[in-house]
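Labels run A, B, C and D following the written order; every chain starts at residue 1.
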Amino acid sequence: MSKNPIIKIENLYVDFPVKGGLPFQKKKHISAVSDVSLEIYPGETFGIVGESGCGKSTLANAMVGMVKPTGGKVIFKDKDLFSLNRTDFKKTRSDMQMIFQDPFSSLNPRFSVFQLISEPMFIRGGFTKKEMEQRVLELLKLVGLDEKDLHRYPSDFSGGQKQRIGIARAISLNPDLLICDEPVSALDVSVHAQILNLLIDLQEHLKLTYVFISHNLAVVKNVCDRILVMYLGKVMEFGSTKAIYKNPLHPYTNALISAILDLDIKREKTILKGDIPSPIDPPKGCRFWQRCPYAMEGCIDIPAPLLEVEENHFVACHKLSGFNEEQIKNGLDKRINKDE
Amino acid sequence: MKVLKKVLRKILNSLIGIGLFIGKIWKHKKGKIGLILVALLAFVAIFAPLIAPFDPYDVTERAAKGLSPSWEHLLGTTINTGQDIFSMLIYGTRVSLLVGLVTGIAIAFLGAILGIIAGYVGGMADNLIMRIVDIMLVIPTLPLTIVITNLFGKSYFIIVFIFVIFGWTGLARVIRSLVLVLKNSNYVKASELAGGSRWHIMTKHILPGVSHLLIMNTALTCAGIMVAEAGLSFLGLGDPTAISWGKMLAEAQSGGALLFGHWWWIIAPGIGIFIAVFAFMRIGLVMEEILNPRMKASSGIFKLFKTLNNTYIQEVFDGMNEEVLTTKEGEIS
Amino acid sequence: MQKSFIIKRIIYAIFIFFVVLTLNFFIPRLGVDDPAERYYPPQGNMSDIEYEIIKQVTREQYGFDVSTFKQYTNYVEGLLRFDLGTSFRTGNPKVSTLIAERLPWTLVLSVSNLVISLCIGLIFGTVAAWKRGRWQDSLLLNLSTISVALPAFFIALILSFYFGFELELFPAYTNPNMVSQFDWSWEAIKVVFFNAALPIISMSIGGIIGYSQRTRNSVIAVTNEDFVLTARAKGLSQNKVLFKHTLRNAMLPIVTAVGMSLSGLIGGAVIIEQIFNWNGMGTLFLEANNTNDYPLMMGIMLFMSTIAILANLIVELTYSLLDPRITVGEKR
Amino acid sequence: MSDVLLGLKNLKVIFPAQQGIVRAVEGIDIDILKGECVALVGESGCGKSVTSLAIMRLLNTPPALIEVESINLGGDEITKYSENKMQDVRGKQISMIFQDAMTALNPVMTVGKQIDEVFIKHNKLSKKEARIETIKALRLVGIPEPESRAKAFPHQLSGGLRQRVLIAMAFACMPKLIIADEPTTALDVTIQAQVLEVLRNMQKSHNVSLLLITHDLSVVAHTADTVYVMYSGKIVEKAKVEDLFREPHHPYTEGLLGSIPRLSDTTKHFVQIPDSVPHPMFKPTGCYFHPRCKYATDICKEKMPPLVRLDNGREIRCYHPINFSGGENNE
């Protein structure tokens, strides 16, 4: 894939100030996204995986410009999103759309299906009512809803159907990039497959590019071409889905994969100790060291660099990158003894 | 021409909206009472001169002071001035309703605008508005009203003004917290992503989202304001020339109604206040039920349980009974 | 976290106090160039020279002969010594002395009102929530609509008419000797009790119903919470679930309501005091209004505001004690 | 049959409402053996949580109306117990773990105190003795520094720790049966694995029976012994866990299994069940699953299939079961 990337993120940082504390005290910050760079190519599905608080949603929000980054750039279609003026920004951004996790709160209960799906067209303007209706009917068919549903309200629909409406709204303006923020995790299990299949079909049909955010590695595996694993705002591992599943190199990815309760394979499981630490003032070195079964002295203070270990497979772990001679002399390569 | 058409359509739409809304209230038994009462009060207030049998301001010509209720004077006359109490009661509707409605609507406007600004714009504007709210909350309203009337003279204009200045704070707070919820909802986010301007989001999502709460609050504020107006008039802070129920009560007290046992002189304005406040309260409460069905559902369920037909329930239960078959594997179907 | 929360709240309260104080200083100066005019309005039979002299005397007496800024700093300085200024009455008594004289009498009414409303309201409300949907509950619901529509002063008039004039059970007007002859003797306390009965009842009817309604809603809301189910699943008795789990959480909104009413502790009884001729802060304020006694009026206003600020502060701190989640400014 | 710990027979729960009657649970039987882990699997609204509350007799009437033939706990018929006697059963003989530990714990009480209550109520201990037991219980579920954690309020603990506190509370008196209602749904994947591990170890080492209620079949795979699959208020299939995963008989179970993505999958598309769960007030005629079932025939639309109990202990409610030796729908 040597094409031009559709969206490119360069060294993105997003910090949030923590509320509370006295006015004269130093403000604390949540480091939600820290030094993330990536490129997404047209037509692919890019997965961002991690647990709650890992910054995956913040990253997605920064991509679409809903959150202003504290550092770094988001370049969408060769335009730096945050240096554009207001009108250009809006115009550029409307080529990116989002599908939300909770279909119950993502549809305005006061809008009919027609109003919901045609809202983006209405905002852009230049459509007659007839055109809009035509297009909405087309979209309804595309996402597997009935024409009769046109003038019904969200409360009449089940979770899965609501999500279909959400998808129809997102694709109504023919966007290039669709960001799916946990599109199935709020739905009933038996509906998951429907929605995922619909997304896959739409991608083929409309030549969409997806950014697929999920906490569930199993879902991501079938859908995504490449995966980015995040933990506490940092990239842990990054590469093609095949490579990562065949050979997870980072201990965290390994744990995530083994946490999937697979029906078929009864494999040895690594269960991580401890909890996800608070994103306020995260660990200085490797952000994962407190829970890492292989943590070494050096992991505490020195952040692990993101290294390309295979072609298109990046890992940030000291176990792979190792330490230099001086550091080894100082005993930084010693395993931290964890009292079991 | 086109603009005019658009404006007219907007007005028509909102009128239809209000109509639908009133219909919703009308469906509730409680709401019906409220609506009927409000309509009645409005009728009385507008046609007061036609309904009232006497001129309530007339203190000169009547020698008959302190009359007991009779067919001529339905509620008797005042002891000290000989005014017709029934006519005063009819005219009192005007002040009560006018002050209540004007204040209520003004508060709704101010509270909604400031609440939405605080919630939606956020940042400095939010900070400023919320600090003002905090300050308003600690200033005692009634004493300040007294001070202001002392400074600028007594009139209903001043009273309405102070009510509005102090009344918006509560509403703004409620609206603000709802706006914060709406603002962070995914559908607003989706709208923003599609390029929706602030204006679009404000008018299409936020304002309709708070409208129910706004109307409910306005009804309840109207009720509260009418009580407060009666209190201020009772203290003699209203327009000294106007006739209001609160002032009637004060006159009854000072005029010796208590002493001479003219209880109707006290009861009549009291009932006036009661009916007016009650009507608006009812509408407000029905709105609250529509907004917040969980709280009222309880009594409905209990009533339902009382009326439920036991044999029907038994039938439902029995209908679920079924045989369980036992077979060997492979012999199925 | 706890400590910084307290400090923050206190700093904020002081800030609010200063704003209120400033408003208080400037309100009587609204619309006139010379504050003395406000304090001593021109009277018909007075010649210009006479009036000028009187104004001059007033200025000197009340410290208006210096610049406005200086007056302001003097005012603030006086406040630090708990000096709220000098009343315009004959004999020029200190505002603070006048307030101190009347305050206890207002507190007799408002504190008993608060205690009665709260105690009875809590019990009624809990019962109504417990008997949700039965007659007790619907009775409360209907009463609450009615009570708002019947203002306290109307109830006061009716009570004073029926119990004071018709039945003559309680005095319809306060005995003017009650205050001057009060000597803590049993007899005197009995007199106070008799005179206060009607005002307190008329004030607390609304309060009782209001608190009942709040308690009921709050208890019902908490009863629907998951942790109440957990408590029941532990096998706790109904009483334990109610008192240890439900009520404590249900109290949180009630505390806010009490705080709100604390701020009206002193100014809330103006009309009732007026009806019963009760010698409290409310009547003092009305007297001041009738005599254009601005230092007294503004002194009382500031005093009331200060009480309200303190009440808010206390409520916030109490709340943070009752609800451990409050002081945490950050997640986790 | 002496090794049956809990025998639930013919439980029916309905919720009358203004618009109609919600048939939440329509006559289900569940047997739980001693020391066994039984899973009750179903989607939201299928009546699985209502079932658990009905066993604890914690459903309020109104809004619920309950009819049950028998709830037999270790030989005693608890349907006949008075409320007082039932309070002795709850927490002591049956206890519960709820889904969301954040809301299931009282926010204004320290977690230690909340566990103390169980010991004080059932073991008649003093406050001090209870605290010692509480700390033991917290240590048992792997909470580090239990002494200081006992003094913490729920919001000061992380999600995983909170869930462990609930587990400690449920195991406090070593009851005969624990009902866990979606115990890991609200947690992160790595934490989920920890908590499931703790739950399973506790259950196995203390030989407690566990009724695991979940919508997630993959949780069931490594935890449960027997699985009941529930759909729209009815049991549609019961089987040993290995049997169920190897050869599901009911089309719904097949669909559920298919929609779980597996690491070994190679195709891009998922096996999908069309449509969604029927509204509990407006259920279809005949078999409730027929509108979504690819094997449905005319009889499925008319008549609810009976529950068939096979001699190998499996139960199935379907006219056209699949994966049968000699069955009609084998591929």
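By definition in this document, a contact is a pair of C-beta atoms (placed from the backbone, for glycine too) under 8 Å apart; a residue touches a chain by one contact, two chains touch by 3 or more.
All values reported here derive from a predicted model rather than from experimental measurement.
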{"item": "Of all other chains, the one whose Cα centre sits farthest from subunit D", "value": "C"}
{"item": "A-B or A-D - the one linked by more C-beta pairs in contact", "value": "A-D"}
{"item": "Rounded Å distance between subunit A and subunit C, as computed from the means of their C-alpha atoms", "value": "54"}
{"item": "Geometric centre distance via CA averages, subunit D-subunit A, whole Å", "value": "32"}
{"item": "Whole-Å separation of chain centres (CA-atom averages), subunit A against subunit B", "value": "48"}
{"item": "Inter-centroid spacing, subunit D versus subunit C (mean Cα positions, whole Å)", "value": "54"}
{"item": "Shared-contact residues (touching 2 or more other chains) in subunit B", "value": "301-302"}
{"item": "Residues of subunit A engaged with two or more neighbouring chains", "value": "none"}
{"item": "Shared-contact residues (touching 2 or more other chains) in subunit C", "value": "133, 328, 332"}
{"item": "Touching residues on subunit C, where the partner in the complex is subunit B", "value": "16, 19-20, 23, 27-28, 30-31, 38, 132-134, 137-138, 141, 145-146, 148-151, 153-154, 157-158, 160-161, 164-166, 172, 217, 220, 224, 263-264, 266-267, 270-271, 274-275, 285-286, 289, 292, 297-298, 300-301, 304-305, 308-309, 312"}
{"item": "Sites on subunit D touched by subunit A in the complex", "value": "43-44, 158-161, 188-194, 197, 215-219, 221-222, 245, 252, 255-265, 267-274, 276-277, 292"}
{"item": "Subunit B to subunit A touching residues, read off their complex", "value": "185-187, 189-197, 200, 204-205, 208-209"}
{"item": "Residues of subunit D defined as touching subunit C within the complex", "value": "53, 56, 58, 62, 83-84, 87-92, 95-96, 98, 100, 103-109, 114, 117-118, 121-122, 153, 155-156, 158, 166, 169"}
{"item": "Residue ranges of subunit A touching subunit D (in the complex, touch as defined)", "value": "51-52, 158-161, 188-194, 196-197, 200, 215-219, 221-223, 245, 255-266, 269, 271-273, 275-276"}
